[in-house]
Structure formats: C-alpha cells, structure tokens
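In what follows, chain A forms one complex with chain B and a second complex with chain C.
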Partner chain A sequence: MPSASLVFQSIVLGVLLGGLYALLAAGLTLYFGVMRVVMIAHSAFLILAAYLAWYAHRETGVDPLLTLLVTVPLFFVAGVAMQRLLLTRLRPATLTMMSVLLTFSVALVIEGLLGYAFSGTQRRIRLNYSSASLEFFGARVAVVKLIAFGLAAAALLGLYLLMRHSRFGQALRATIQHREAAALVGIDTDRIAGYGFGLGLATAAVGGTALSLDSTIYPSLHWHWIGPLMAIIVVGGLGSVPGAAIAAMALGLTQSLLQLELSTTWAQTVFYVALFATLAVRPQGFFGGRLAQRF
Partner chain B sequence: MSTTQRLSWRVAALASATALTAAGCGSGGGSEDSPDDPITIGVSLPLTGDFSEPGKGVQRGYKAWAKIINDNGGLLGRKVELKILDDQSNADRVVSDYEQLIGRDQVDLVFGPFSTRLVVPSARVAEEYGLLFVEPAGAAPEVFDQGFKNLFYAAPAVANDHYNHLAEYILALPEAERPKSVAYAAMDDPFAQGTAYGLKDKLEKGGIKTIVDEVYPPNTTDFGSIAAQIASSKADMVVGGSQYQDGVNLIVALQQLNYQPKMAAFSTAPTEPEFAKAIGNKTEGILAPTGYTQHADYPSNKEFVEKYTEQFGKAPEEDEANAYTTGQVVAAAVEAAKCASQDEECQQKLVKWLRGNEVETVVGPLKWDDKGRPQSAHMIQQWVDGEIQIVLPEEQKEADLVHPKPKW
Partner chain C sequence: MPRDSERPRHTGRFLRLGALLAGIAVALSFPSMAPSPYELTVGIAILNFAVLSTSWNFVGGFTGYISLGHGAFAGLGAYATGLLVTKGELPSFVALFVAAALVAVLAIPVGYAALRVRGASFVIVSIALVLIMLLVFQSWASFTGGSRGLVVPRPFPGKLRSEHHEIFYFLFLGLLALALLAWWIIDRSRFGMGLKAIREDEDKAQSLGTPTYTYKLVVFVVSAAFTALAGGLYGLWFGDLDPVFQFSILSGAYMVLMALLGGVRHLYGPLLGAVIVGYGLEYSKLEYGDTPLHLVFAGLLLGVVVMFMPDGVIPAATALIARVRGTGETSIRELTAAELRDERDEREADVRPDHRPDGKRPDGKRDGKREVRQ
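Right, the complex of A and B next:
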C-alpha cells in the first residue's frame, strides 16, 4: 500500500503531466475541428520547436522561453502556409484520409532534417534550475515542470478567450459548426481555416518549448508522442479543445496514479485502454460538446 | 455507425498504424568484389536508426584498428581491408548483411555488430558458416545462453558482472556504513537490466534489502512517477540499469524530488562525455561501471589513444575501445594460427587458439570461458570534484571512493 505522501506526490506529478498533455493535444483537436485534418506531423513540430529552443540556448545562452517570441509567429505563418499551399489541394471527400498521408510525410521530412542538422544524438537543455524544486504541502514540485504547466495554462486560457471573445474566434467557431452557413453570412472560411491551422501550429511552438525544459530530445521522439496525443483527442471528443484538456488531465493523473501499483509499461497503456473503451462505449468522445457532435 | 463513430475509428486505426510504422523501413546496400591480396573483414553496423550513435563509435574503433595495423605492416604481411554495411539497427537486415558478406562477398573474417539485439541474430549466421565471431557489444546473458561455439565477447566482463567490484566493496563495509535498502530501476533491455540485476542478486545474497524494483520500457519519456516511488522509499542507495537518455532523465527527476541517497550507481550514462552537461554538473558522487579508460597503462592502449586522437581529433570512448579490442583479439588469433580465410580448418584453428589463450588488449588481458564470456570485471568510476575517476578496484584506482555520497 503506497503511503499518503507518495499518493499526494503522484497526484501533483499527474496534474503537471496532464497540463502538458493538454497543451500538446490542443493543436491536434483544433485542426480536426476546423478542417477534419488528422495532423500526424503535430508532434514532429513539437520536437522541432524543442530543438529550436535547445539550439538557441546552446548558441546564445538565452533562456529557452525567449525563443517563443520567434517560434510562435514563425509556426503560425508556417501553419497558414501549410494549410493554404498543401492541405487545400486535397479533395474534400477524402480529406481526412489523405491528410494523414500528407502530414505523415511532413513528419518524416521534419525528422530527417532534424537528424541531418543536429544528428541523432540525444540532447537536453542545460539550465541552472533544471533540478531545482519547491516544497508544496510535503510534495516536491520541480521548477521546470511548474513553468511548463504555467505555459500550458496560459496558452490554453489564451486559446479559450480567443475562441470565445474575439471576432476571429466567432468566425472560427462558425466555420467549425457549419462551413457553408458561415460562408453564406460573409465569413471568408478559407482564410479562417488557414488561421485556425496556424493557431494550432502556434500551440505546438509553445508545447515544444515547454517539453524541451524537462525532456531529452532526439529526432524520432515524436513517434512516441503521437499515439497518446491521438488517444487524448479521441477520448476528449474530436474537435473539442476543452474536451481534450479534460481528457489530458484525466489520463495524465490516471497514468501517474496507476504507476504506484502497476509497472511503467502497464501505466502507459492507459491511453490505449481509454482509446478503445471510448470507441466501444461513446465514439464521439466523453467530453466533447456540441462541436464534436457535428462530425 | 454514425459519421463521428467512423471518423473516430479511423483516427484510432491511424494512430496505431503510425506507432507501428515508426519502427523503421529498409533500403538496399551494394558491394563489389575485392582482390584476393588483402585480408578482407566483413562487418555490419547500425550506422542509422536507434543504435546509430554507438554504431558509429564502433565503426571508428574498427577503422582506427585497420589503420594502425596497416601502418605497422598489416596482418601476416597482408593489408587488411574492412567491408562495412549498414543494417539500420534492424535485426533482419543484420542477418542478410552477414549472409551477403560471407556468402557472396567471400570475406576472409567477420567482426561483430553493436548491441545484444543485433549480435544474437548475426552470431547465428557466423555459427552456421563455421566462422569465428568476436563481437564488441553483446554483454547480456542471453548472448551466452544460445550455445554458440565460435563467439567471443571482446570486453572485460558480461553485463551481470559489471558491478562486481562495487558489490564486493559494499559487502565489505562495516555494518553501520553499509546501505540497508536499495531501490532499483532498470530499462527493459537485456543489457541495461542485466547490469542492475547482477548487483541486485549479489546485494540480496549479502542481506541488503530491495525496496523498489521498477522496470520501464525503452521509450519511457516521463520519469517523475518512478522517481517519486524511489524518493518516497527513502532507500539508502539507488541503482539504475540505464542506457544514456533514461539515466539522465531519471537522475534529474530524482534531484527534482530532492532525494539524497547515500550511494547512487547508474550504468552507461555517467561515463558518456555529454553526461555532466546534460544534468547541469550535479554529478557529485555518482558511480558507474566502465570497461575502458583512456588512462589505463596497458601497453597497447597508449598507442591506441595517441593514434586514434590523431585520426579522429578526439580521444576514444568505450564503444571505440571495444571495437578496437575486437580487432586485437582476432589479430592475435590470426597471428598465432598463421591463417586468415573462410575455410573450415583455418576458422577452427582461430577458435581453438582463443579458447586456450590470453590476449593483451587496450582493456587489459582477456581470456574466455567455453561460452565466450570474458573472465575479468569492470572498473568502477565515480564523479569526484567534477571529474569521473576510477575508484575500484584498488590496483587501478585514481581516487578514493567517496561514501556516503555528497548531496547532488
């Protein structure tokens, strides 16, 4: 029987992990919501952002968080370009299927380029606060994990406010709900879809930077991430950002607590168990609202 | 089935398919016949894929060996020539590579690849053709359980014996100073797990309790939970059966939880040149087994370090040294048997000679038991004052073992 302090420590770790998962999955569910695009390359972009943060830190010594000033706009533009130049060329009838092939190849290209530029060596950002931690009711909270969690919270809150309270957000939600109707009331849905994609990729810049603070990175790391992230967005309800966030938090916590009684290998399968349970019981996802039911 | 349902199923299927394809894909490799004059040696190495970093290290070690031996007039007066293929860290490719090298290219001798997972299938091919198979990187117990008759591991000790000197040291400590409880965490990998469990068996026999015993898969990215269990157990000692990345991640996660053990030992990671940087120099007191040091004063090591550094611009590490050792072992057998060709009689002479003799190498004198297991032990290194130094055994030590370990 694990002690109370260990359970509490695991809950703290689970919440921090869940926050990071939520951030990493947010972009994926957004692409799917706006365009029904399954974006296999999302995790490759996460690793790319992590590499840019690591590289900037190694070359100039700047804090990796500062790279966000460059990577967020850069990824936004790359996202818009990717949607306008590549994804719009796919036929709407087969978009979901073909987008997988297209983004799969994008992921391979990114992985190959990272390997070419930085070699396969595993890298870790060296920060003087890497192993620093704070005491929190008897549990230890690592500073880097706290920063990553803060980044996730800020990015997701920003995304939520943008979606809820801006004209662009309204237009994006309208495009998600009914593309033709949105076009009829005068929304330039093509442009909005491009921005939606850019927004998703911008979250990858934030997520990758958060990831780089406390992970060892290597070019093929993204394959380890895409499975759990896909599971999160299916459990959360495809296309629902809050759904993905809740599912991420729930799965992160479950994983962390299961670890106490089961081995690491079994704790990691929680994603796939949840995935198949969702598909069997409630295929539209557990937390998806009306948005998800549209599809 | 609703549209949502169908789409969800598709996403799920794709996610699993992606995870499966991630394992790797193949491409062709070419070859040309070489003249009979030089002694050709066939090798397949993981130059791309999961093991590409150590694979390239082994390649450098083999190249250094070939250059040094050629500069010294060759083997039996003939030049040696390496024929290296890339198996992409793939066990199927490594088999067809050795089939090609032995069957079609008719190489005179073969050297082994890197990693237990590739050594076992390729050793089987060499065994089938009756060739001597000296390998630089198959330290896990299962390499020696297959009944291979031609296999020799060119390093001081198999995985289970890596921590032997440390186990002896701990069990010889006075009762009051001896750690009473140990937490083990090992990667689900024959080599990494072998190192940790070799120590575990010996300490348990000596009456030291195991209070955490975690095994994690090679693709584990988050070590927070494992670290939390170790920290919460307050074990006197932590032992990591690790490769590079996981060792670093686990140590950082333990430091984040402010766990301060009296002893900490991790395999592989602490001996890598990048290690101190990767964990922000909080290395004080970390122990690690190692089979090689550039400072060892074995006769051939000085020449190796000097000429290797000349050739590659930096000093050799363990992977390079193990490859070089492989070359030395085969060369010794060839010189003694006075032959280097695929024919059965010659290969049997080589095997027989190695079975009964000791070879001087850059990792010290080596001899083997009837399963190909080397009969020495690894040295134990420790980070002392920001440098990794040999602390065990007595005869080779550069510094005294610091115990209990300072805070990290």
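Right, the complex of A and C next:
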C-alpha cells in the first residue's frame, strides 16, 4: 500500500496531466463539432509544435514559451487552410470516414518529414528551470509541469471566454449546433467552420509547447498520444467539450493513480479499457450525448 | 437496342477470363522467372499485402466500415501461431489454423463493442485495438518475448533458403486464391447483398428486415480470421516477430490504402492496390533506405487517393473505358439521382405513346415488374 503522501503526489500529477489532456481533447471536439471530422493528425501537430519549440531553443536559446507567438498563429492558419483546401472537398456522404483517412495521411507526412529533418533521435529541451520543483502540501511538483498546466488552463479559459462572450464564438456555436439554420440567419458558416478548425489546431500548438517543456520527444510519439485522446473524446461523448474535459480529468487522474501499482505501460491501458467499456455500456459517451453539441 | 449492349458485355467477359488466366499464369510462373531470391521475397511481400487487403475488404468493401486496426488481427495471428509452435509445441500449420480460429473468437467481443458505433467511433476503436495490443505485447515480455522479439521456428528446417521462399510463395498464392474466392462467393450471396445494403444505407437496410448487426459481426469475424491467417503465414515465413512491427497502425493503414487505391467494390481491387503499393514501398525502401521518407510517400499517396479517386483505380479506369465506348455500367450507387430521373423520363417517353395495360412494351417485350410512374 503506497503512503498517503505518495497518493497525494499522484493526484496532483494526475490533475496536471488531465489539464493538458483536456485542452487537447477540446481541440478534437471542436473539429468534430464544426466538420464532423475525426482529426487523427491532431497529435502529429502537437509533436510538430514541440519540435518547433525545441528547434528554436536549440538554435537561438529562446524560451520555448516564446515560440507560441509564432506557432499559435501559424497553426491557426494551417488549420483554416486544411479545412478550406482539403476537408471541404470531400464528398459529404463519406466525409467522416474519408476525413479520418485524410488526416491520417497528414499525420504520416508530418511524422515522415520530422523524422527526415531531425532524425529519429529522442530530443529534450534543457532549461535552467527544468529541474526546479515546488513543495506543495508535501507533494513535489516540477515547475515545468506547473507551467504546462498553467498554459493549458489559460488556453482552455481563453477558449471558453471566446466561445461564450464573443460574436465569433456565438457564430461558431450556432454553426456547430445547426449549420443550415446558422446560414439562414446570415452567418458565413464556411468561413466560421474554417476559423473553428484553425482554433482547434491552435490548441495543438499550445499543447505541444507545454509538452516540450518536460517530455522527451521523437517523431513517432504522436501515436502514443492519439490513443488516449481518442479514448477521451469517445468516453466524454463525441462533440461535447465539457464531456471531454471531465473525461480527460478522470482518466488522467486514474492513469496517474494506477502508476503507483502498475508499470507506466500497463497504467496506460486504462484509456482503452474505458473506451471499450463505454462502447459496450453507453456508446454515446458518458458525459454528453452522441452528438452533444453544447460548448 | 438489347443486342448492341450485349455485345460489349460478351467481349468484356472474354477479356476478363483471358486476363484472369494470364494473371494466374504469371503468378504461377513468377518463382521460376524471378532473377534472384530478392525478387521472390518482394513477390511474397506483395502477395502478403494482397491477402491482407483482400481480407480487410470483407469489412471495408462490403459494409463501408473503415477499420484502421486490422494490423492488430494480423499481429495476433502471427504471435498466436508463433506462441503455439514454441510454447504449445504444435506443428506449424496446425498452429496456423488454431491461431486463426482463436483470433476469430477474439474478434467476436471486439466486433461486438466496435460495431455498436458507426463512422468515426468505429475507426477510433479500431485504432485503439492496435495500440492496446502493442502495449500488451510489449509489456508482457515474459510470455511474448516483448521487444526482444519472438523467434518462430521454420516449418521446413531441411530446405534451402530459396526453396523455403518458393514454398511460401505458393502458400501465400493459395491463401490469396482462397480469400478472393470467399469474397466472390459472399459478393454473390444474399448475405453479401445485405452487407452492401448496410453500406448504402444502414437504417433503411435495418428497417427492411436485414439483421444488420449480425451480418456486420459475421463479416467482421470472417475478415479477422483471414487477416490472422495472413499474419500467421507471415510469421512462419519471416520467423522473427517484434511487437512494434506486428502491431503497427501503419500496416492497417496500408491495407486501407491498397484496397481504396484499387477499388473496394471490386474483387481484384485490393490485389491491384497491393501490387502498386507493395512494389512502391519496396522500391522506396531500396532507394531511400533508412530515412522515413516512405512514410511521406505513403501519406501523400493516401491523401491523393482519398481526395481524387475514393472509388479506386478500377472504377476510374472502367468509367474512362465506358466513356470512350459510350456504354455505362449500371448498379445501385453508380448512378446519381439526376441520372436515374433522366433514365426514368426516357423510359416513360418510350412507353407512354401507346401504353398498354397488359404491360407489354411497344417493342413487344414484356415490361416485367418494372413500374412506370404516371
């Protein structure tokens, strides 16, 4: 039986990890909401952002957080371009299935190019605050993990405020809820859907930078992320942002707690167990309707 | 009118039979023509791909459910065969079939969970299946050998390497023939009709009384069993298994790519795709060796196929031929609603001038059950 302080430590780490999961799952939920697209390449973009942060740090020594100024707008534009140039050209009847394959192919290209440019070597950013940690009610928490969580929390909060209190957010929510009706009241739904997609990809830029702070990265790492993220959005109910956030927290915490007793790899199976259990018991997801379109 | 449209169909049938016989002749004589054992191994790799993508096409082609996780069944087939040989001490080919049966049994609960959801969620589940298998087989090293690999003893220890390859070439060819035959039979059966109805409109198929869920599950299990046979045979041939390669999403994606490229609605579609992609992969590995550029090529090819010819090469080519010849194929989905309306208008125009109540058309042929809307 692990000691109480160890359990507490795990809970803290689980919450921090869950925050990052929640941010990334929110991005996936956005794509599904606006386009009915399952974006397999989301985690590939995550790794791409992490590599950009690492590369900028290696070449110029800048803090990885500064790369956000470049990667966030860049990824936003890439997302808009991807939606306008690729996804809207698929046949509506087979959009969901074919979009999976299309985004899968984007993921393969990103992985291949990253491997070509930076080789398969594992990389890690060394910062002067890398090894610093804080004492928090007896739990030791690395500063970089706190920064990563802070980034994720800030991005999620920003996303929430944008969706709730801006005209664009209103238009985006309308587009997600009922595209035809939104078009009827004068919303340019194509443009809004493009921006929504870009917004989703921008969350990958934030998440990737957060990831680069305290993880070892390599080109095929995105496969490691895609499974848990996909599991989270299915458990949360495809298309439901609050569902995704709750599922992300719950599963991140469970994973962290299981690591006390099991190896890291076995602890990761919790996502897949949850995924299959969800499908067997409640295919529409636990925290939202199958097409829950709320934000 | 009917005479004219029958003639190309006859020549088409002859052409098809001729092409089939020529294909069989080439396939059978390939080992004796291959200039070196290397070409023979490329041939085996392509045949392996062809069996895998044909097996995938049982689900993908008939029902339209796209599984990215069939690599899991291939890997399970390979590992189950290997473990049954090494730990169970079964003879190699007994182990192969026992392994396929085991994988088929395992596919039942997996299909039960996965087929409850459609579209996006199904693909997610199929991806998760590969990832979970990778985790299990890497972590459970005491049983599976983990990342150190699992060595499968050769079924024919006395043979030379080249003889070994030749035997496996014909084994893969036989398995391919079996898979194609099974697909062909299902394609023509009532069962196959039900599956295709699921592909076109699952809700309507269900409301018309097709037991859609059972059909999907059965074909999923058949598909898994064939995939496991291909994986197991590969294990016996290659002799060294590593979880990273056996349970890779990439292998599942290659199956999809090959089937889509050739055409999922056609018997030989996956085979054609396997020849193109298999050859391309071998070529790019030979040219670009250790770089991950083959991933980029595969990704770009998949993207191009999805964007520009989601129905595959065979339909694209036949449509082109039909356009040149001025004939068109007719089947459920090949016609748009607008074309159907035009056809109906034409038929009405044909019949109306002296529409007879006895159902006879002006040209004296019976109209059968065809309804003419007034």
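Here is the rule we go by: the second predicted complex is superposed on the first by the 288 of 295 C-alpha atoms of A that agree within 3 Å, B and C clash if a C-alpha of one lies under 4 Å from a C-alpha of the other, contacts with A are read in each partner's own complex, and residues count from 1 in each chain.
Here, contacts are C-beta pairs under 8 Å (C-beta built on N, C-alpha and C of every residue); 3 or more make two chains touch, one makes a residue touch a chain.
This one's a predicted model, so the numbers in the text were calculated from it and none came from an experiment.
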| item | value |
| --- | --- |
| Which of chain B and chain C A:L48 touches, first, second, both or neither | neither |
| First (chain B), second (chain C), both or neither touched by A:S256 | first |
| Touched partner set for A:S133, first chain B, second chain C, both or neither | first |
| Partner chain in contact with A:G227 - chain B first, chain C second, else both or neither | both |
| Touching partner for A:M163 - first (chain B), second (chain C), both, neither | neither |
| Chain B versus chain C as contact partner of A:L86, first or second or both or neither | second |
| Contacts of A:L279 with chain B and chain C, given as first, second, both or neither | both |
| Which of chain B and chain C A:T94 touches, first, second, both or neither | second |
| Touched partner set for A:V106, first chain B, second chain C, both or neither | second |
| Greater residue coverage of chain A in the superposed arrangement, chain B or chain C | B |
| Residues of chain A that lie at the interface with chain B and also at the interface with chain C | 32, 36, 38, 40, 96-97, 100, 104, 120, 223, 226-227, 230-231, 233-234, 238, 263, 265, 268, 272, 275-276, 279, 283 |
| Partner chain C, residues of chain A touching it in the complex | 32, 36, 38, 40, 86, 89-91, 94, 96-98, 100-102, 104-109, 111-113, 115-116, 120, 219, 223, 226-227, 230-231, 233-234, 238, 263, 265-266, 268-269, 271-272, 275-276, 279-280, 283 |
| In the complex with chain B, residue positions of chain A that touch it | 2-3, 5-6, 9-10, 13, 16-17, 32, 36, 38, 40, 96-97, 100, 104, 119-122, 124, 126-128, 130-133, 140, 142, 144-145, 214-216, 218, 220-221, 223-227, 230-231, 233-234, 238, 255-256, 259-260, 263-265, 267-268, 272, 275-276, 278-279, 283-285, 292-293, 295 |
| Complex contact set, residues of chain B against chain A | 1-5, 7-12, 14-16, 18-19, 22, 52-53, 188, 214-217, 219-222, 224-226, 228-229, 231-232, 244-245, 248-249, 252-253, 255-258, 274, 277-280, 282, 408 |
| Residue ranges of chain C touching chain A (in the complex, touch as defined) | 64, 66, 68, 112-114, 116-117, 119-121, 123-125, 127-128, 131-132, 135-136, 138-139, 249-250, 253, 256, 260, 291-303, 306-307, 310 |
